[in-house]
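All chains are identified by letter, namely A, B, C and D, in their written order; residue positions are counted from 1 within each chain.
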Amino acid sequence: MAGDTKAEDGRDGESPLAVERPKGGRLQAWFADHGRAASDASLFVSQRLISSFLVWLMVGVALTLPGLLWIAQSNVQAINQQWQGSAGLTVYMKLAASQQLIDDMEIRLNRETGVERVIRTTPDQALQELLEQSDESAFLRDAMAAVGSNPLPASFAVVLNDSSSYLQLDALSRKLSAQTGVDDVVIEMTWLERLRDLSELFNRLGSGLSIMLLIAAVLVAFASVRLAIESRLGELRVLALIGATPAQMRRPFLYFGSAYGIGGGVMAIMLIAVFLNQIEAPLQSLLVSYRAGIEIAGFTPGFLLAILLVGWFLGVAGAMLALFQRGGTDKPPS
Amino acid sequence: MAGDTKAEDGRDGESPLAVERPKGGRLQAWFADHGRAASDASLFVSQRLISSFLVWLMVGVALTLPGLLWIAQSNVQAINQQWQGSAGLTVYMKLAASQQLIDDMEIRLNRETGVERVIRTTPDQALQELLEQSDESAFLRDAMAAVGSNPLPASFAVVLNDSSSYLQLDALSRKLSAQTGVDDVVIEMTWLERLRDLSELFNRLGSGLSIMLLIAAVLVAFASVRLAIESRLGELRVLALIGATPAQMRRPFLYFGSAYGIGGGVMAIMLIAVFLNQIEAPLQSLLVSYRAGIEIAGFTPGFLLAILLVGWFLGVAGAMLALFQRGGTDKPPS
Amino acid sequence: MARLQLQHVTRRFDNGQEGLSDVSLSIESGSMVFLTGHSGAGKSTLLKMLIGAETPTTGRVLVDGSDVSQLGPKQMPWYRRQVGIVLQDHNLLENRTVYDNVALPLRITHLSAKDIARRVRGALSTVDLSDKGGLFPKHLSTGEQQRVGIARAVVNRPRIILADEPTGNLDPYLSRQVMSLFHQFCDLGSTVLVASHDIDLIKDQGCRILHLSQGALVQDTAASSEVAT
Amino acid sequence: MARLQLQHVTRRFDNGQEGLSDVSLSIESGSMVFLTGHSGAGKSTLLKMLIGAETPTTGRVLVDGSDVSQLGPKQMPWYRRQVGIVLQDHNLLENRTVYDNVALPLRITHLSAKDIARRVRGALSTVDLSDKGGLFPKHLSTGEQQRVGIARAVVNRPRIILADEPTGNLDPYLSRQVMSLFHQFCDLGSTVLVASHDIDLIKDQGCRILHLSQGALVQDTAASSEVAT
């Protein structure tokens, strides 16, 4: 046959039993192998653009949900803090308290740890507010004038800073109550109570959702990567037979996993960005009505990097799992 | 060889070319075929319990999220209504208004459509409340006594029932303002405003999430069913060659899809139940603090049936898609 | 009872290669004919035409006068149930036992379980595999897999038998047994077309031999005469 | 240069079937030996033992004195690179071209692209497939696929060639060419073991013939003598 002579050509004098040594060093061979696996993977992915896109979309959607949850929770925390920031007490002075005592109290309050801001309300200001609240202010004003003295006490609104806990608030309240000249200390509780409920809701919702979404993300990523590389798993048997090392057999799958995982991460980032953009306006308006103007927190470069890393990890883990499910790399083919 | 005589046996006198006719009617054959496909599917599923469980879990998680979203949205609607129910107006009568006019107004308000409850506050009660708000009530009381007349007007808190909209509230407010003896009508706006923001947030969140979750559910269901039946798709070529009809080839896949889809639906129902159970307590407490005690709505038999049906549909659709992706049932094998 | 005809059949593949070029032939109903030719001559392509798994680029493939490539999705399954086919790769379902593989063509025709069992056992014993019915294909040797494929092709007592290298993995003794099985079916009226490269085996059968070369029919040796080598 | 030995090798499968029973044999380095026997005799099982794809239930499989089943995951790949194997099912990678399939064993040894191209072209022309390098396996006839497998087995100039029915789908002319290819490698020092049922072809080669029957070695015919039928 035509090849008989050519076969001799091809052998160019070497013994057919000469053991092949990699040209160049080990490192060079290693790089060459990686290069081949990477280009093989990109070829494989680009030849199946539609199904690769579906894999990216699936992994992306799977990552989007935990990502959004994370952003939601970090924002709730931020809101928590803002709300705690606006928590505080009102210190009502005795009517009999002297101006000196009131001034001392203001200084004292300002020195108290954890206090953000102290707003003093003089009896006149208090009366003014009362009159504004009532619809018959003229009458009331007349009444006050007749009495000849302002029946309202001086008071201080004390705003605590972000880090102060409810316990601190309570302790401060009790300490202040004991001061001379202080009639009453009222803790502004409503927001705190709501906040506690809301936090608990978010926590329960969060842990339930987190677990489910994480399971979903892992399963979806694994399943879709597995599906995408399924057709390649049959090669393992042949590769093992011709003497490929386990590392050589794993390599293309690591690249497939990376390609699908990182692609999914990019997709997730795009989805999250679009989503946040959509809800930013109504969220802002809601938060403003809660007196807590706030930026959406958490969509930081670190977060994006984390999404990419998680995607990459899931993709590679999915590929490895598929690989080892298929009987490992060094199992003898049958 | 041993079989030569047996082959003759097996033929028991018939011509080998006799065309085979189903014993029994067409319907019986059809049932037999379905029975075979169903038992084949249950065998296939039960032989791979772990991977079947994974498929159920994936489809289940995929269905859980849109299911929860649906429940959340139907509950937000319920809360909307409750909040609208607690919305209302306060009608302040003129100080000069006669007792007769005030009584008439109370009767009139009670007759107004959409009004749930009318709470009358006499000037004395109003003064009492004002005094309670102030810490120096004794002084204030003395002042009032000195003036000799109560500067506060009678007022009515009007609570509208659940179904009344903001527009109705507004119309009512304008109508009442025009009445004789009415000084001012104040709409309690705060909740309404918050509600509007919250609704909008939920809507945007909802439509974004809905789209993503639906895409995710469909993709996940398809991908996992496809993955599960992948190994069986190779049979199509052989089955086509030996003369199986397209319907016969499709049938096992319909059963696989059903088994995985309905199983996923059951899993979703379990997950949703656990989840709702987890968040019920904190949610109750939150809603109570919003003055709107409420049961979690939406977890009805109809909802459960819908989840099962959607799961079943997705499973079957996934199987069919996989089938037709593989070149359809009547494409000639190559 | 089934006359096979090719009229000027050409099959050109996507890459321009011609699998068959202008092949015309006619095989009488109830006859047994061999198809030979070197590797890549087009034997498998020709057999696939007859089962509707390949369609001619030009020309017509007729079975009992009707065009196979014109059969609709409703008729094709019914036609294929009349044909027993042995492919070159064994084509067994991996997750069914040997027994179930052989039973497949009977199951889709709604025979009673008793009839199926009797026929499958008969077919398996015909190819010397009575004791392997419960095994899965991957536990068989290649020759055994090939014989399962042969059993599946004949279990339905087909009007037409198309066999592509049915003895490629069989020893001379088993090869002769398979040939005699085909002869039996031929005697009962089936039309049998066997593609094979085993010239010695073919010559012994004394049947008509069609020679393909590079897609063309180059020689047609009548029954019971010697083939020129 | 590579001596193959089996010492009391038995292979019992999970279902109790014995693929090989107490087989002892020794094949000299640089010799060419045929393995024959009826379908299911254990030929493939024996070849798989030598490549480490089957492990003996009892007994030892030695290559140049070292036990194949004792090779660790590090050593096995290096051993397998010295062996060219042709399996009964073709084992080509479906989504690589013929050229890339044949190049596989060279790629994993980090040869330069130029050397690879030269060798692959040489191997393909040896099996008469120079013009099919760019095609995918599914576009080849079965015999052509088998020849690609042969080209892949020899492209690496292996010290040991194990071939399982390499000519099952080849016509007599090509079969003889493949045999002469193996002879060339044998002459250059490779140890060649070919399983085949084609008695006529085997007899012509004048090599030692091992006869298996139901897993046992029943006959060992020395080189250049006639086999008893």
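The rule is short, and it goes like this: a residue touches a chain if its C-beta (ideal position, glycine included) is under 8 Å from a C-beta of that chain, and two chains touch if they have at least 3 such contacts.
Remember, it's a predicted structure, so these values are computed and weren't measured experimentally.
Visitor: For subunit C and subunit D, what is the smallest step count along a path of chains that touch one another?
Guide: When the steps are counted carefully, the minimum from subunit C to subunit D is 1.
Visitor: Report back the single chain whose CA centre is most distant from the CA centre of subunit A.
Guide: The most distant chain relative to subunit A turns out to be C.
Visitor: Roughly how far is subunit B from subunit D, going centre to centre by Cα mean, in whole Å?
Guide: Using C-alpha averages as centres, the distance is 64 Å.
Visitor: Using mean CA coordinates as chain centres, what's the gap between subunit A and subunit B in Å?
Guide: Going by mean C-alpha positions, subunit A sits 26 Å from subunit B.
Visitor: Please report how many Å separate the Cα centroid of subunit B from that of subunit C, as a whole number.
Guide: 58
Visitor: If you look at subunit D, which of its residues touch at least two other chains?
Guide: 174, in rising order.
Visitor: By the touch rule stated above, which residues of subunit B touch at least two different other chains?
Guide: 334
Visitor: What topology does the chain touch graph have (line, ring, star, complete, other)?
Guide: ring
Visitor: Going by the touch rule stated at the top, which chains touch which?
Guide: Chains touch in the following pairs: A-B, A-D, B-C, C-D.
Visitor: For a test of understanding, state which residues of subunit A touch subunit B in their complex under the given definition.
Guide: 54, 57-58, 61-62, 64-65, 92, 95, 130, 134-136, 139-140, 142-144, 146-147, 149, 151-153, 183-184, 193-194, 197-198, 200-201, 203-205, 208-209, 212-213, 215-216, 219-220, 223-224, 226-227, 230, 271, 274-275, 278-279, 281-283, 285-286, 289-290
Visitor: Which residues of subunit A touch subunit D in their complex?
Guide: Residues 1-4, 6-11, 14-20, 22-24, 29, 32-33, 36, 231-232, 234-235, 237-246, 248, 330, 332-334 of subunit A touch subunit D in their complex.
Visitor: Note which residues of subunit D are touching subunit C in the complex, please.
Guide: 13, 15, 17, 36-40, 43-44, 88-89, 135, 139-144, 146-147, 165, 168-174, 197, 199-200
Visitor: Where on subunit D is subunit A touching in the complex?
Guide: Per the touch definition, subunit D meets subunit A at residues 1, 48, 51-55, 73-74, 76-83, 85, 87, 91-95, 104-105, 107-112, 118-119, 121-128, 130, 152, 156-159, 174, 177, 180-181, 184-185, 188-190.
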